[in-house]
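Have a look at these structures, which come just after this line.
Heads up, the next two complexes both have chain A, just with different partners, chain B and then chain C.
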Partner chain A sequence: MTIAALVHVVVSGLATGSIYALVALSLVIVYNATRTLNFAQGEMLMVSTFAGFTVYAHVKLPLVVVMLIAVAAAALLGWVIERVIIRHAIGATHFDVLIITLGLSLVLRSAAGLAWTHDEFPFPSFFGTRPIVLGPVRVAPVSLGIIGASLALMLGLWALFTRTRLGRAMRAVAQNQRAARLVGISVERVYAASWILASVVGAIAGVLIAPVVFLSSQMGLVAINGFIAAVLGGFGSMPGAVVGGMLLGVIENLAPLYLPSSIKHSVPFLALIAILLIRPGGMLGRVARRKV
Partner chain B sequence: MRLLALAIGAAGLLLWPWAAPRYFVFLASLIVVNAIVAIGLNLLSGYTNQLSFGHAGFLAVGAYTAAIVATRSPGVPVVVALLAAALVTAAVGLLLGVPCLRLEGLYLAMATLAFGFVVVEAILNLDGLTRGNDGLRVPAARLGPWVLATDTARYYLVLAVGAVMVWAAGNLARTRTGRALLALRESEVAAQASGIHVARYKTLAFAISALYTGVAGGLFAFVVGFLSPDAFDVFLSVDFVAMIILGGLGSVPGSVAGAAVLTVLNDSLAGFQNYRPLIFGAILIASMLFMPGGIASAVRRLRTRWAGHPPMAPGSRRGLE
Partner chain C sequence: MRSGWLLPLLALVVMVAAPARAEQGVTDTEILLGGSNSFSGPLAFTGEQITKFGVDLGFKAVNDGGGIHGRKVRTIWYDDGYKPQDAVANTRKLVEQDQVFAVIIPQGAPPVVATLEYLEQNRVPLLFPYQSSTVTRGRHWVFQGMTMSDRSSRMMIDYLVGRRKYRKFAALYQDDEYGKSFLTAFEKDLARHGLRLLAVESVKRGVTDVSAQIAKLHTAKPEVTFLVLVPGPGAQALRERQKIGWTDTLMVSTGPLTDERYLSLAGDAAEGVEGLSLWPDPLTSDLPGVRRYREHMQNYFPRNEPNRYSLAGYFAAMLFAEGATRAGARLTRESLIAALQSVKRWESGILPPLTIGPDHETQKQAVWVRVERGRFKQLTDWLKSE
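Then we have the complex of A and B:
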């Protein structure tokens, strides 16, 4: 196999990986604020993308506007879910909330099927189809576009979490909720902000990936890979989520080239088990040492 | 009082095939199978506080083992097939449990999830043994001179095995192993300080949990009569987790109740087709919002209220009942 072909595979792996990374980031954002594993993240992403698509199907607006609509729908969805359901479960155990988000994912997927049927829809792409040729290397513009857009969004998130008041408040809540409350941070507001932010990040991932995989009510299943990515990197760590996502994407794309087809589907999972065995807290995570 | 309730319950279960239509006999068998898995999963989660999203994988290992044993050696007693399923699955549990000793919480959940996927892939690829995507037909269970070919016969088989498993789980807390596991749940460090070999007992919990699920898998094979890999997907594992949380973590009656409720719900909503996951999901959300801690703790609260005792302090824990 030539180096050029290898580059092509790695770049498309990084593109898939960027999507996993974004989904992983949205899982981590919610987890850090509320210690909730959001099983419905994939379905929230799918519903927001559908919202943008519906508008596009009726009025042919520019794609940027479609994305903004999807983002607005995502923000609304995240806010409503947090306000109406999650906040009422504030005293419940993590396991209870887990089942709530599981129920939510079923409800959203089924509602999407009723509203938009379970068919697959082609989603318009921002990027052309003619491959970009750089010397001997050919890459699909959609891959570069996804990678670029994801990196820009990650940079934005980094700025949000390090440079703004809200971002610092969110990090404080992630570290120690009681202490955050003591210094005057409204933990409730951070909860709401986290759900909205996670939902928005997911929606952007949805709009980016929909042209590649088709839009359907099953699109939310991408969250499983996002979940694996977050765990690979070390759950709770945002750089970890990015690294984990990229790694998973590349492994997934490279594996079929070198391994017999009988085990290629198992590769991400075997990789996951292997990495967890070497580093039980994920690549960038720390294993919490509990005091007695 | 307690004995009377037990006797009435047992009589009801034994007479069920004569009172209910044939389909409901099958459904009852399915409930018992799921209840055995739920108990097994709860032994792991309730004791070591760790969730597994891979129990559909264990169920598949048990089901295929029993089916293959029954196909390859015709006329083998069903007890032998079930024992084989139990032992093979427990061995797989041991193999998975040893490396998983280092993992906790979400990381363990993820590793078990991965295990579930790998099992399905393995079934697809070992098609010489499992017939892969075509599915595997399971011969009727045999017990000495009898062939258990009717729903009723299979129901009694499942019920008998289920009763043994429930009884064993209920008594586990009174054995040396059970007490060690309970101590582990309360505090790993304290348990270690009192001479409990943490690694050994954690692995043992994994193996016991897998053993339960393997037995359930064997029963599942005979009850359903046909196995295909897509029956054991990750959603089934998630269903099992939902059963024990809805039923109540760490409670054997809770596991049974959770399994019964979810199995019946899944089945009775089948008529609603497209609305089914919608209703199912809404019920999950509502029950966790209004019944935190699941059925077991709701019953506990009701009981203390009737007895006039002050409610138990939140967060206080009890052993497996």
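Then we have the complex of A and C:
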């Protein structure tokens, strides 16, 4: 394998990894605030992207506007789901809520099939497809674009969590709900904000990845790899989600170069098992030890 | 009791009045056909087009023209999402519950192959399956639809090696019955020319990311790369090739892949791609049958753009109507089989004159096409596969 091919594969892996990282981040945001695993994250991302696409298909608006529509749809979807379904299950066990989100994912996927059919649609891209040539190395602009946009979004999230009142409130709730309530933070508002924020991050990931994998009702399956990325990095850790996502993308792309191509889809799970054996808490996570 | 004799008498009257046991799925006014197809999953678009906009289009025209010996044709469709286990369940339901006369145009080698034995055991005609594996050849109850993989392979290799003088070939194939039947045929036909495949890579069914496979095929430097895929991954392969700037290979699609769907998903990455096309161009062809198809589409489904899937389904409906008409007013499954076998030099106005032999194949040819400015341009006349 030449260096040029290797660079292409790694960059392409980082691009896919950025998407995994964004999905992992949206899972972690909801988990940290509410201790709920949102299995419907992938389908929420898919539905939001479809919402943007529907407007695009009818009126050819600029792509930035399409993304804003997807983001608005995502915010609305996140808010409605939290308000109408999840908040009523506030007293339920985590396991019950997990099953609710799993059911929700199936409902959303079928609904998307009814509304938009189960077909694949070409989605417009912000970035060109002709490769950028740097000496012997060729890099796809779409890969660089996805990496750049994702990093910018991650930076924004970092600023939100460290510099704003809402971010601090979300972190406080993540650390200790009771204490947060005692100092006057509205836990309910933080819950709603987390669902909306996670949904929005997912929608941006959706708009970025849809031109590459085509838009379809199956697109939400990307959340499985996002979930693995989050566990790899240490579930609950936001930097861990980013590192886990990037790593997973690169490993997944590199492995088939040296091994049979069909191994690609086992790679995420092999990586997961390996990490859990070596570091049960994930790469950047903490192992919760209990004294007996 | 006054009514003691009434019931047996009524039963007797009904028995005498009914005709000698009618064939399942055929009444005096109706012929019932059905099929399991993809309405979800990777071939959902294809499935919807060949059935609801193809077969149903043909039968709407037939029914409005008075039907077949006074019988209207009705169809029932179920979704298998390209999954063999669902195809089996659907097919049992069609035969046992809905009591269809015959199964028409089910799609995809894996689902079709899974139902083959069941249909044969129950003596149900399997008409024009939309798949290319050779498993369905030469069976009494089956009339194959699409040109089979070994015939396609012979046309592709003979054209590329003979007329175009290419020597180095590689293939990206779907890892199932569809892909493997092509792969075997390519190897056999290349061996006739003293050649072999330099590299092969597989894609799992339903997967869209093919970047690793394309990177590996690139390193083998083939002059021609065959794509034996379905539209989604096929378009992905073209886009991935464009991403890495791999220009010195000719991408060639197999007959089942050469379609409008694959073009629209791939966008400008499809430019210059060549392939075997099993149908004349549905939008531009001047053949009388294709023109009639466009008129019917305009009449019945004006909002549905013509494409080769609905054309294939329309052709299947026409061919069924021809067979059922020849079978006469007393339509049975056996009489349909005999009638279809007797078809000689039948003019569809879509494909060359059709003669169905003992091999039960209804399509044996294809033309060579190249993508120019987003459309297929025909480069050859009908190629021969005998």
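To be clear about the criterion, the second predicted complex is superposed on the first by the 286 of 292 C-alpha atoms of A that agree within 3 Å, B and C clash if a C-alpha of one lies under 4 Å from a C-alpha of the other, contacts with A are read in each partner's own complex, and residues count from 1 in each chain.
We adopt the following convention: a residue touches a chain if its C-beta (ideal position, glycine included) is under 8 Å from a C-beta of that chain, and two chains touch if they have at least 3 such contacts.
Small disclaimer: the values here were computed from a predicted structure and weren't measured.
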Joint occupancy of chain A by chain B and chain C, clash or fit: fit
Touching partner for A:V97 - first (chain B), second (chain C), both, neither: first
Which of chain B and chain C A:V142 touches, first, second, both or neither: second
Partner chain(s) touched by A:H265 [first = chain B, second = chain C, both, neither]: both
Partner chain in contact with A:A210 - chain B first, chain C second, else both or neither: neither
Chain A-centred angle between chain C and chain B, computed on Cα centres after superposition, in steps of 10 °: 70
Touching partner for A:A229 - first (chain B), second (chain C), both, neither: neither
Which superposed partner A:V71 touches (first chain B, second chain C, both, neither): neither
Which superposed partner A:G113 touches (first chain B, second chain C, both, neither): both
Touching partner for A:I29 - first (chain B), second (chain C), both, neither: neither
Chain B and chain C, minimum CA distance [Å, superposed model]: 7
Shared contact residues on chain A - chain B and chain C: 113, 262, 265
Touch list for chain B against partner chain A, complex: 51, 99, 102-104, 106-107, 110-111, 113-115, 117-118, 121-122, 125, 187, 189-190, 234, 238, 241-242, 245-246, 249, 274-278, 280-285, 288-289, 292-294
Footprint of chain C on chain A - complex, ascending: 1-2, 5, 8-9, 12, 16, 113, 117-120, 122, 129-131, 133, 138, 140, 142-143, 212-214, 217-218, 253, 255-257, 261-262, 264-265
Complex contact set, residues of chain C against chain A: 39-42, 44-45, 48, 81, 175, 201-204, 206-209, 211-213, 215-216, 218-219, 231-232, 235-236, 239, 242-245, 264-265, 267-269
Of all residues in chain A, those that touch chain B in their complex: 37, 85, 88-89, 91-93, 95-100, 102-111, 113-114, 224, 227-228, 231, 235, 262-263, 265-266, 268-270, 272-273, 276-277, 280-282, 287, 292
